[in-house]
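In the two complexes below, subunit A is the common chain; its partner is subunit B in one and subunit C in the other.
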Partner chain A sequence: MKRTLIAGALGLLLPAIGLAGECNLTVDRVEIDTGEFVKEGIGYNGESPGPVLRFKEGEEVSINVTNNLDEMTSIHWHGIILPFQQDGVPGISFPGIKPGETFTYKFPITQSGTYWFHSHSGFQEPEGAFGSIIIEPKDREPFRYDREYVVQLADKHPHSSERVMRNLKVTPDYYNRDQQTVGEFFSDASENGFLSTVKDRLAWGDMRMMKADVEDLQGFTGLINGKGPKQNWTGIFEPGERIRLRFINSSAMTYFDIRIPGLNMTVVQADGNNVQPVNVDEFRIGVAETYDVIVRPKDDQAYTIFAESMGRSGYARATLATQEGMEAPVPGLREPARLTMADMGGMPGMDHGDMPGMDHGDMDSTNEMAGMSGMDHSQMKGMDQPQMKGMDHSKMADMDHSSMAMSDGGASDPFYAQGSGLVPEAANGGKFLSYADLKAQKPLYDEREPTREIELRLTGNMERYTWSINGVKYEDADAIRLKYGERVRFKFVNETMMTHPMHLHGMWSILDVGAGQWNPIKHTVSVQPGTTVYMETEVDAPGQWAFHCHLTYHMAAGMFRKVIVEGGPESTQATSSEQSVDVGGDA
Partner chain B sequence: MKRWTPLIISTFLGLGVIPALVSAQERMLDTTERKQPLNVWGAQFEEFEYRYSDDDEEIGVWDADFFYGTDNFKARWLTSGEYSFEERAYESLENQLVGQIPISKFFDAKAGIRIDTPEGPDRTYAVLGVSGLAPQWFEIDANFYVSKDGDTSTELDAEYELLLTNYWILSATLDATVAFSEDREIGVGKGLVSTETGLRLSYDLIDRAFSPYIGVVHERKYGDTADFSEAGGGNVEDWFAVVGARISF
Partner chain C sequence: MTLSKFVVAALAMSISAVALGAGAHGGGHGHGAKSGEPGKASDASRSITVEMYDNYYEPEKIEVAPGETVRFVVENKGNLVHEFNIGTPDMHEAHQEEMMMMVEHGIIQGGKLNHDMMEMDMGNGQTMKHDDPNSVLLEPGESKEVVWTFSDKGNIEFACNVPGHYQAGMYGDVNFNSEDASVRSLAGELKPSKKIQ
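Then we have the complex of A and B:
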């Protein structure tokens, strides 16, 4: 079984072009058994998740997709750069694949790394219609590993996706079972004082917002490679080996915090693009993101891969072991996450808006503030009055002290609002990956000034379960028009209290972490509540593309846009009769 | 005039051809479901219960609503009634058919028709109302009614849910009716007509689809309405023990 993969070695033997990979995929009704429940779903080649597709950089692939369903389907190659007609979004790239029809996707592979594919039709993806893609690079990989595994995460829910959508529309907190209770009121009161707890509840009640509104969809079973926690997917290793784990989050709605107790992880790739290695104890994977990490277990023992949902309502679990059947302890879930007033910072009309430190050019003030928000409550009380004066007391009262700790510099992350209740912390007190740690291994584009900035406010109404961009749902929106050849700076302003993984099809999202030409290149960018995040895109792909929040039910409720790239080389370009209106159709 | 016709026609044709040429190059339009408004339906029995009064009266009560529509417009059928097992008659039976549109972040406006067909005289009203979520999590439903004869009244419903745990919920309800004119035939006097106050302890047994509960309900009539009731041999005040379930589909 031992396979030594000196990655890239093969690639060197192959001619750069002219390779043609062909593969067949059937879209089928399948049975999904999570170990907790069995449910009919949709899969590829008879199973969910579908197969791991292996391509090589430089080859031309053709993929025959046969639709065995009694409804339309499609496959989107998530993160793959390709001609827009091959992108697989019905109504935008192509009409879709009819029942019984075989559609052949054909495109050149011009990149390498870990990606995935999924249906872009209706709710087929959360029903199980996804698989993974591994593309071997032409050149040597800048890191070494002896063995590799895809670790594909999902959040399988016992309810059908149609029903989940309807329940969320009718009762937005339908699935939220981590809401604040009378019991929590009293425990907060004994911890923070009765009056401040009352004030806190009144402040949130006045906004009609819930601190517990972190995960819309609870009650799922976390899956790794299709296996529930009880079924325990296991990857075999020999002590001393370097194992490359290709994490893919194919969840409909769930962010996972991933750790392998006892092992340090070296993050080497994010969203298919190599990053300068970062050693971490834990990392958060947004919906649709991928992270490749390398671990090196030295002992002959089992290790648990523990993926805890961001809101702490569920988890996925797998095992790395030296032989089948070995297990390591499975940690318990941490306390449910609670939003703070800081997470509301982006909401219009809130005086907490414009939190300092969110500008990435302003890192210093971030760290200063971080120290403050990181203080635990007992220290607060002991502080000198003069020092307290500078602070807004009401804000302090609203902070969730329990979720903060003083681990060198405090739990802070420039990609979260100051004092946010969502700032992740490593379970062992160690290093938790931040977007700010991601630096491209090799810049993909020359650094240049963006030609213009487009502001996209991420908006929504939790009580109505409507989600939108610039306050306009997709059904009412005009397309975003970009010009071939420009470099656009997107400014995401999250005015909601939820995290949105924004995914632009067809072109790279260069996430601004303040590292200039070393800014990481991604396909999905998470925007935390109350924050502003910038990304830049070299508009180098003519045609029309989808751009949306990758949370299934947010996308379906309207947080979606069509992007039209005008101009470009010869035949690929075209004009459209749609009216040219400002971005996002903001009224 | 006649000789202008071909010119006009050809002009129109010409104008017609130009967009056609453009659209030959046009990219596809998104006509998928994603680009359509999301249609949603809901069916819920907020109350579906058996009541036993301090007067040994037994009644069956329901309060349900069914809707279909989009974010921008919903058609809603609201139905409620009280059936007396002893008299085998509906003490009250009310159906409303309303259209509902959002008017603010948390509130909707409703307009439509209400038809009351209990034992005794029937009534038809025009309905104008607002419903939504008020600060501090009070569910509010306020309606204004005008009967065919011009009698006007207003009704306010408020509900608050206290989460003892995430499954045990204590809900308090208040329902008050005020009439602006007397409708003697159906025993309604001018002024505060009646209140119904309830306290129900429920447990979410199957998701939020089936939540059995027990509770107490207090009904009271006021002013002339109370006098009318007494004159007719009815009660002014009732206490009920209730058992039932909140059901949604």
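Then we have the complex of A and C:
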């Protein structure tokens, strides 16, 4: 009764379905019009993006998914904690949904926040097969706002995803319009000296990567809620209202830097989990991440939501306005960031397995120094040695956080290699959100020592467009085996020059930002080039799960692992939860 | 090194006494106060308990009569440091800059207050003592009182100005009950649609 009232009130603000615990989704061929081009794609209930699904924490939902395609499909509920048979990954959770078939997903909702769903089959997701999920908490929200909007980002490419993958395989820089020119070589040479420029270029060539490879897919049109920049999705407000914007990055490949000129944003949630509020001027949203912000426009005017791609090759744009049709200026694209030698995680000749993972915290050990002497020193010289000190995130735990906060402003961020060309800066010179700012509002897990550490090197060969973990692609790899009840510390060592948004299904990723018990929990963790990032996982979900880079073409190329959680509460099933019983009924 | 620290500490002590007398740290919300003035507990007509959570108050609005003196009992039931501050939205905005400095200087650290740091001279003769009569700054589990005499009607809110908290919605409305008790908050705006259903 009470819930219907609340839902009714919210329904006025957002198109919502699934107020009850049951809803229906059809998977359909749809037409996608970006304002730049029209293309056939895949959507839900006849549109892309699909609907906003609204659930309530504590309820049991069942979702009937009918496949109207002539190929297999699936839906993965991204970030939702559920029994593994309901997770929607063909070949890991279930066989998939055949053409013409209806599959009913059934799971309890045990969390709240902003999430999304998407196909986990082939290239259906970049073709438009995604939608959003809003879960209302069972208690009140720990913040106040007058209205809310989902802001779902996508990078729609005029080429079909199969064609993109084919082109990347044959010519990895096919979509990289921004390669350095001969002219730039000479200007670099006059600035940096001929010899160091040559060395720099040689090193990049050896790495089989182009220096401008911040993004390996350009030429897309940025979409917000399915609308291209010209179509200008608009959210209406009244001056003085607080608006909650639920940003979801459903892009195949694109990181976006988001700002709303004229408005401060207060970040209150990341990946569906409340964080201690942070006031920012701009933030970067990785592929598959979500961020909820609260803004308060006081004036009767329009404001542009500007989402500029990390490589500055494109943008998405939307508007907040007091009436439909109002517009604010759209900023130009800034100069693209250039990777520097500091972003070179994967220098050939430097075997990171021997290279203590750039763990300079314990460099004094002679043993590890010996390992380093195996490196190719001719190339090392190209690197700025003092810069390397910044690369070890494990040291962050010892850092003084008050001083970390003070050193904001400048272009340094502990989650980027020091000297990195990728460190984002706010367009207005103000505050740019860092992972280091994310602190859990209410920690979900007690802090405890991890039971063991697993190192995962993020690896790739740009020339052949192969992407892998520890040098082995998915089809050749053994599963990662975890034991129910343990707490695993994952060490990501990014040896490539691309940023990888690593997504573990089924269990939370406790991102080590050096805040101890306040470390935030996420479902997707971005690992920047040349950096080492740690996350911990309480292994509390039995079954088998997917674990992969969420960049579509990296995942397809093999940067993917199956995780098997051994053991679990089966033996205590009778006493523990009805959840397990439901699982059995559904599988 | 050690000597200079002593000098700073000594200076800070003497200056903070001055600051206390002025009744404002950093001069942030001393000026142009239209929210009222410090009251005497003996004049208080009633006592209102305000509970702090992460990051909101209960209750989120109160009604007072113009000129009324109220004794607020403020309890922090959250896990983070919170403020209870009576003022106009402009006063809160100005105060938020000071609170940002307190965070940057490590005075407010999530769930802890660094009291030693609050006493230190910031180099301009000011300390970061948080001792204004219209506000209290509480660690988790702490409880303090504010006695306040409200002036005539005005746009008054009680608010937490720890960075981000006010923006996220940690504020409450002070409504003057001689007015038509129309409500400014969202809850009020949604009422009609609830009735329809």
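Quick note on the criterion: the second predicted complex is superposed on the first by the 459 of 587 C-alpha atoms of A that agree within 3 Å, B and C clash if a C-alpha of one lies under 4 Å from a C-alpha of the other, contacts with A are read in each partner's own complex, and residues count from 1 in each chain.
Convention: a contact is a pair of C-beta atoms (placed from the backbone, for glycine too) under 8 Å apart; a residue touches a chain by one contact, two chains touch by 3 or more.
Because the structure is a prediction, the values reported are computed rather than measured.
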Query - Partner with the higher number of touched subunit A residues, subunit C or subunit B - result: B
Query raised in the report: Once the shared chain is lined up, is A:Tyr145 touching subunit B (first), subunit C (second), both, or neither of them?
Result: second
Report task. Check whether A:Thr171 is in contact with subunit B, with subunit C, with both or with neither, and answer first, second, both or neither. Result -> first
Report task. Using the touch definition from the top, say if A:Val278 reaches subunit B (first), subunit C (second), both or neither. Result -> second
Requested in this report: Identify the partner contact of A:Leu223: answer first if only subunit B is touched, second if only subunit C is, both if each is, neither if none is.
Outcome: neither
Report task. Mind working out whether A:Lys442 is in touch with subunit B, subunit C, both or neither, as first, second, both or neither? Result -> second
Query raised in the report: In the superposed arrangement, which partner chain does A:Ala270 touch: subunit B (first), subunit C (second), both, or neither?
Result: neither
Requested in this report: Scan A:Leu482 for contacts with subunit B and subunit C and give back first, second, both or neither.
Outcome: neither
Query - Footprint overlap on subunit A, comparing subunit B with subunit C - result: none
Report summary line: Per the touch rule above, subunit A residues touching subunit C in the complex are 4-5, 8-9, 12, 140, 142-146, 242, 264, 266-268, 276-279, 294, 296, 400-403, 405-406, 439, 441-442, 515, 518
Query raised in the report: So in the complex, which bits of subunit B are touching subunit A?
Result: 19, 22-23, 25-38, 40-42, 44, 71, 102, 105-106, 133, 135-137, 162-167, 207-208, 248
Requested in this report: Spell out the part of subunit C that touches subunit A in their complex, as residue ranges.
Outcome: 53-56, 60, 79-80, 103-106, 109-110, 163-165, 167-171, 185-186, 189-190, 193-194, 197
Query raised in the report: Which bits of subunit A are touching subunit B when the two form their complex?
Result: 90-92, 94-96, 122, 165-167, 169-171, 174, 177-183, 202, 205-206, 208, 461, 463-464, 466, 473-475, 543-544, 555-558, 560, 562, 564, 574-578
